[in-house]
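Which chain is which? They are A, B, C, D, E and F, in the order written, and residues in each are numbered from 1.
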Amino acid sequence: MSRVVTFGELLLRLSPPSHLRLTQARSFDLYYGCAEANVAASLSKFGLSVKFITAVPPNELGESSLSMLRSFGVEPISFIQGKRLGIYYFEQGASERPGKVVYDREDSSFSTLKKGMINWEDAFKDSDWFHWSGITPSLTLELAEICEEALTVASRMGLTISADLNYRPTLWKYGKNANEIMPNLVKHCDLLLGGIDDSEKVLGIKVNEKDTQEEIFSNWMNAFPKLKNIVTTKRMDANASSNGISASFWNGKELLHSQKYNISHIIDRIGAGDAFMAGIIYGMIAWPDDNQTALEFAAAATCLKHSISGDINLATVNEIKALMGGSGGGRVSR
Amino acid sequence: MSRVVTFGELLLRLSPPSHLRLTQARSFDLYYGCAEANVAASLSKFGLSVKFITAVPPNELGESSLSMLRSFGVEPISFIQGKRLGIYYFEQGASERPGKVVYDREDSSFSTLKKGMINWEDAFKDSDWFHWSGITPSLTLELAEICEEALTVASRMGLTISADLNYRPTLWKYGKNANEIMPNLVKHCDLLLGGIDDSEKVLGIKVNEKDTQEEIFSNWMNAFPKLKNIVTTKRMDANASSNGISASFWNGKELLHSQKYNISHIIDRIGAGDAFMAGIIYGMIAWPDDNQTALEFAAAATCLKHSISGDINLATVNEIKALMGGSGGGRVSR
Amino acid sequence: MSRVVTFGELLLRLSPPSHLRLTQARSFDLYYGCAEANVAASLSKFGLSVKFITAVPPNELGESSLSMLRSFGVEPISFIQGKRLGIYYFEQGASERPGKVVYDREDSSFSTLKKGMINWEDAFKDSDWFHWSGITPSLTLELAEICEEALTVASRMGLTISADLNYRPTLWKYGKNANEIMPNLVKHCDLLLGGIDDSEKVLGIKVNEKDTQEEIFSNWMNAFPKLKNIVTTKRMDANASSNGISASFWNGKELLHSQKYNISHIIDRIGAGDAFMAGIIYGMIAWPDDNQTALEFAAAATCLKHSISGDINLATVNEIKALMGGSGGGRVSR
Amino acid sequence: MSRVVTFGELLLRLSPPSHLRLTQARSFDLYYGCAEANVAASLSKFGLSVKFITAVPPNELGESSLSMLRSFGVEPISFIQGKRLGIYYFEQGASERPGKVVYDREDSSFSTLKKGMINWEDAFKDSDWFHWSGITPSLTLELAEICEEALTVASRMGLTISADLNYRPTLWKYGKNANEIMPNLVKHCDLLLGGIDDSEKVLGIKVNEKDTQEEIFSNWMNAFPKLKNIVTTKRMDANASSNGISASFWNGKELLHSQKYNISHIIDRIGAGDAFMAGIIYGMIAWPDDNQTALEFAAAATCLKHSISGDINLATVNEIKALMGGSGGGRVSR
Amino acid sequence: MSRVVTFGELLLRLSPPSHLRLTQARSFDLYYGCAEANVAASLSKFGLSVKFITAVPPNELGESSLSMLRSFGVEPISFIQGKRLGIYYFEQGASERPGKVVYDREDSSFSTLKKGMINWEDAFKDSDWFHWSGITPSLTLELAEICEEALTVASRMGLTISADLNYRPTLWKYGKNANEIMPNLVKHCDLLLGGIDDSEKVLGIKVNEKDTQEEIFSNWMNAFPKLKNIVTTKRMDANASSNGISASFWNGKELLHSQKYNISHIIDRIGAGDAFMAGIIYGMIAWPDDNQTALEFAAAATCLKHSISGDINLATVNEIKALMGGSGGGRVSR
Amino acid sequence: MSRVVTFGELLLRLSPPSHLRLTQARSFDLYYGCAEANVAASLSKFGLSVKFITAVPPNELGESSLSMLRSFGVEPISFIQGKRLGIYYFEQGASERPGKVVYDREDSSFSTLKKGMINWEDAFKDSDWFHWSGITPSLTLELAEICEEALTVASRMGLTISADLNYRPTLWKYGKNANEIMPNLVKHCDLLLGGIDDSEKVLGIKVNEKDTQEEIFSNWMNAFPKLKNIVTTKRMDANASSNGISASFWNGKELLHSQKYNISHIIDRIGAGDAFMAGIIYGMIAWPDDNQTALEFAAAATCLKHSISGDINLATVNEIKALMGGSGGGRVSR
């Protein structure tokens, strides 16, 4: 069983029930999640052994967020400090009305982490894989530097390193652009989840209008020699309630494409990218020599996430394999 | 900021949750609304200053209905009299099962209003626009006559007057047909929302089989010389859960058409017409010389209403403009 | 008014609300139902007089299950014995994620019924029709033998007999295959609901690859000379949230086809087959000489069931006729 | 098994959940009930055979109200006519805040009943007992006259007749005082539930300040020679959440007193009197020669009702006997 | 009709339903409130004209908080600025488990207010009364200084000024003790709500062990010559679910005492002090020469608040007067 | 940090919300728990390291029950086998209506455990304490024998052993009386929770009418020489909504008594004994030389449990100590 470590900021998600708008809400449904914890929980559900490193406040919200992780079998390693758990309010979209996120995550416990606090050698001991995302370095310069600490140690200790670029322009507010920070971190990675829109803004790599996807990803690999694989997802014919989805895998030689799924009735799209990320990590561990199968697993994983409430993909390995094998015909499983 | 006055009967809406049928309900979700109040609340949300004239009973239901209006910034001017607030039970449809309304609105406080009670000069002071609908004159002869009082004063004071014909055959029960009453009221209007089916039944204007929409609306304008603009909406490919929608605008010279929206997942279709009406009123105030933009605004407004629970369109001007500009692709707004 | 008798095992259904997965549930919505009771309740709602024979435990769950039947006007004739009411946990599917049933029905009160306990002469007195399904004989050998008791008496007393083959491989666990038991029961039937997949596994009748549906059903009629009519349903373009549906009727001479319905937004698919079964029973009683109308009624009935929560079709005769007449256009009925 | 007939107006009760006030409600919990139906349902739960005569509108609310009765095993005999089901909004009280009822029951289907419509001979055939309450004659003069019809026939056919005086001053609005109508009806009764406050206002029998309860009830029996027994209940140390309760039974010779119950945590006090009434009817049938036991049964029944949500007492005979035997010590029954 | 102005920070309250603990919550009920807005809303419900001055963020939470105030008829005057609405998580207590508040209110929009921003002359125009509480100056030094601005203007313009000392030690975190700040603000007040525990910690006035309540309050009046009346409340025999409550009024001459209420079943104790404050303000306006009646009104108001969910007292003047007159006996009001 | 092992059968608890009766339920709230898991979770919340040994079925219910344990930090060691998770339906009582448990736990996965399956040496490695209850040996003879296996190993390995006698007569159905089985198991124990009623029925030790509690407990110690301490709890003045509670501790020399708590408003009494058991285990570890403090801790723990929904005591060490120190006065903790 592989051992994976992830690192990030757990958030409290507050959502009105039943497609109500935020201004109509008399109650909020409550979930905990974040890009990296969503990956952690999904991998744990797939059967891997997973640690999640974070910081939460010494109050009931902090305790509950860790309790949620434990319920999925993830082992949280958390600093209990600071004053508050970050929040995001999420309004489900419907049809032509897009979903909406209102962040209230500043001054969180996670943002009180300091360089040198985390013993990365301990954290990575006996582990094979480290996963992080572009959210963390977007929050504060100190957190970006902590990422660098972690990546340096993980590289040295020989872990496989993956990242989801996860570019959210509204989060980068401390005076640096993403492309001033991220290249220095991405250079440690073996596997990236990103899209061609990220090339300039996140990686600082120019894109010419005529560049094919293969050429762009080749340029990334040239810029970051350690990088071995790049994965990317694509939505089609989308509104807030339905879309198609497919994914691609660039292994430096060929661009593999997954089958396309038509998701006609979306229950919850939050965490779809994280479901894909967990799928591809699992896939590459399970089928190290079969990128196509790994990709299909990840694509089916993200497809199923759209049918599941909350931030975390609760689909099992068997369910994902069944969808890869054509179970999506609506027949009730008895 | 324009000042708008509307007039109508607030109803209590009782709906089973989660697509349950009326006979399955163990609880009802509770909304307040009516054609004219829905327009009022939407216009207030758009930033206009709006008064709503009505009558409610001296009990908690009456109080709550006015409180709801105040929460949207509408100023209610209400007689507190009579014995009951009208009710409608609403069962959401789904797929091939149509939605269903069961009215229980007779003998309401609103129907105890008498001619001479309302000081229309006061009500319209400092206002620019008066909006009413065909629901009110359908309820009692006295209410039809009160509409005439209001329209006479509004005309004299120079307000722009709009009406939604809103023809509901089951409501006209006091011995008059709609087309015996409505023409005398419609003659005061500058703007009408109606469809070609209303021509004979509501306006008493014959339609020949070969008449185009342009010809029919021309006939209306000939019959009602004060009338300057006619708007109409059209549903396509409809079942209870999805339909297309588009709208048209006849300004006496040309028939403008809005873009068509495909509403694949309807949350609540009640009030879609009122959302359109509020949209066109706002649009004509905001873009007095640009009928096409006004129409597109109204069409996008009604499209968004289908994604919102309850009778009232909670979409903002910015959200509607975003949809006009192509925001409907399902991407979460962060 | 025709009098119908059905016989089967009432189950408690426990489902998470709002498309949550079973592992996410903090509460379960609670329904009672089973193939035969669903038919009974639907027929009672259509205006027939219906008895349902069963056994439930002497506790609150048993009492509630009978109370549910009574609320629909069905007269339950129940043994109050044994220790537990069978349960099935049902997770609603969505889009590409199929629904899921987890059975916990062994050792139920119903499975403690013994031959000779039920006075079938009394049960069938003054009745015209007996309906059963393949669920009951799948549970225990004793129950299969009780079915034979019932069918023998019903045949002798001249009731019309219908069966839904309802083949669930996971239920046949007592050492007999379905096709060792069912033919002996099916031979009493006038009307069958089944599909060509059932031919070998349930009826023990070989199917050649080139056989048409007409030929297969002819073979059934040859094998079971009492059998007069066979009905079957077909899903198309299906996922867990939407599918098309149509049905066919073989009367020994021609294979009639219903119109096809496109069910774009499924609320609850459990009981869709039972809704069809009740529809065809009602149809054959209401239009004894018009198989096409009976079939259309049944097809419209199952279509509407997909829009209704719970196991039981709450659609009325008028609503079903309206859909046959084209009411599915989404217009709210006022 | 005794057969009981009751007669009255079913109402829809709408209550905010969780002790919310009416003006705070975003949803209403939904119950159906009325004084006489509550008695009917409780008696049916005690094992008697019960008919309930009423009128409801031809819509989903009417259907649901009858369905509720059927679920308790009561046989409803209902005219399906008129336009609406009467409503009462009920706000649960708490501590020093009293509960509140807002009636909206005028112009109901029940109030469209006319003399001569109901075939009382048929209704009472094979029955032993007729129960009515003072609510029905308070609603319209016609309904008072229908009560007289019923009572005349029931007397003639030899049924035992009971009444709950149930005096609600706000309901008597058609121009007659209760004491102009009720004596003519009460004269048919064998058993009355009432209190000394009812003497003048309902029965027109003066009370002198020094009269004991025994003397007052004796005067009632003198005024109504057919009257054999009078029962009455008493609340003590009351607020909206807790009170003591006891009851008395005057059999013309002695005034028996029940034990006193201290109800420290009231869940729902609506229907407490009806629970008592059903208790005393059952008690007098079960223990015809033991008034004390009948009284204790009724007192324990009303005590348990306070712990049960909704209008209807769901306590069983065994549970009531257990409380009479001292089960109220809080020990969980396993 | 008197015109009252209040000033403070609106908070979002998030509470688990049904007495669940914070760590058990899967959903939060949502209320908006704060000491000063609770007073404002209650006074508006009593019929006064009320303005509330605050600052909220430009997002859906800010909009909803103002919408709530409008629904009560309060006119909010709000700066729309800053980044977040303050939050408090509230866990209802039960029996021996005390309720619990977890604050997350730092860096709120309200705390971005600056001196000079608010035009107090405009705010107080045509108003008679200004009410504030000790919460505001506890938050930041700037807010304490804004309070002083407001009080200076209100004094100059001749408004009656009231304050609730509302001492929360955990809020005073900016380096000043309450008694370094509050005396300079309290000196402007005509009416104070406080208790003897506040004397040293809030007002800096020493208390000797033998001092009577009268002597302590006399010392306060000596220290603050403008102060005319002091009110105080007292809980007795308390746990989280029940307590007694009474109040006293010191008018400089005598210490009046209200009747004592026994609140046996508390629904929600948050805002009980604010309900008292609104009661005493209303009482002193309604009965300027009858301190005892004003006090009884305020005591009955706070008693009723304990029976009402949320932060705001929804009791009406009539309900409060009824309780003063003895309505608390639990009889349902029909 | 002490390490504790417990062993037992996890059950699914299904309860109607809001004090509804089982027959009224349209939904069930869902908890997982059992005597031994409740102790485990509470001890984990107190900071001990806890393992729980059990067996659950290979389905979603089994998975969820383990997930719940993990969320509290308990490490489940579970066999995944058998067919079903045991269920108990629980109806909350209120006032004079007692709570009610309906068991449906036969043929569960736990009851498929066999001797020799569990490696007790591994389970107890590095652990200090083993806790079991009388529920397990009541279920099947095999489980009684597995208990003996466990106790023999635990004794040999030197763990402290505690048991809750937990006598439920309705569970002992396999042909042995409790007192034929339990003495052989109790003889391994260091600490017992039981009452004098258990003496004959569970331990087979006669009680003479004049025996004091001290004498009875002395007799127990004589019969079981390894036994060092006996604890017992006592309810007073009880109904389903309120009771007093106190506890006693017999250490062989003196009978210590805890303070008495008056629990006026019970939220959920299930698990109150388990909360006490966890309290006394923690207490004896934390204060090994201070039996009185250990007892007070346990008494305060069980008191707080009554205010918490579900089977598990969520009170923290600090909250329990606060109650011991007098925090129960109802003041909100901020």
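Definition applied: a contact is a pair of C-beta atoms (placed from the backbone, for glycine too) under 8 Å apart; a residue touches a chain by one contact, two chains touch by 3 or more.
According to UniProt, the chain labels map to these proteins: A, B, C, D, E, F = Sugar kinase.
Given the structure is predicted, the values throughout are model-derived calculations rather than measurements.
Chain pairs B-C and C-D differ in how many C-beta pairs they share in contact, with the greater number at B-C. Look at the CA centroids: the one farthest from the centroid of chain F (Sugar kinase) belongs to B. Rotation relating chain D (Sugar kinase) to chain E (Sugar kinase), from a C-alpha superposition: 120°, rounded in steps of 5. Centres computed as Cα averages put chain A (Sugar kinase) at a distance of 45 Å from chain C (Sugar kinase). Inter-chain spacing, taken between the CA centroids of chain A (Sugar kinase) and chain F (Sugar kinase), is 42 Å. Put simply, the C-alpha centre of chain A (Sugar kinase) and that of chain D (Sugar kinase) have 63 angstrom between them.
The set of chain F (Sugar kinase) residues touching two or more other chains comprises 17-18, 21, 23, 26, 67, 100, 265. Looking at which chains touch one another, you get A-B, A-C, A-E, A-F, B-C, B-D, B-E, C-D, C-F, D-E, D-F, E-F. Listed in rising order, the residues of chain E (Sugar kinase) touching chain D (Sugar kinase) in the complex are 17-18, 261, 263-267, 303-304, 306-310, 314-315, 319, 323, 327-334. Contacts from chain C (Sugar kinase) toward chain A (Sugar kinase) in the complex involve residues 18-21, 23-24, 93-101, 103, 168, 170, 235, 238-243, 265, 269-270. The touching residues of chain C (Sugar kinase), counted against chain D (Sugar kinase) in their complex, run 67-68, 70-73. Residues 14, 17, 21-23, 25-30, 59-61, 63-64, 67, 83-84, 87, 89, 91, 100, 102, 104, 106-107 of chain A (Sugar kinase) are the ones touching chain E (Sugar kinase) in the complex.
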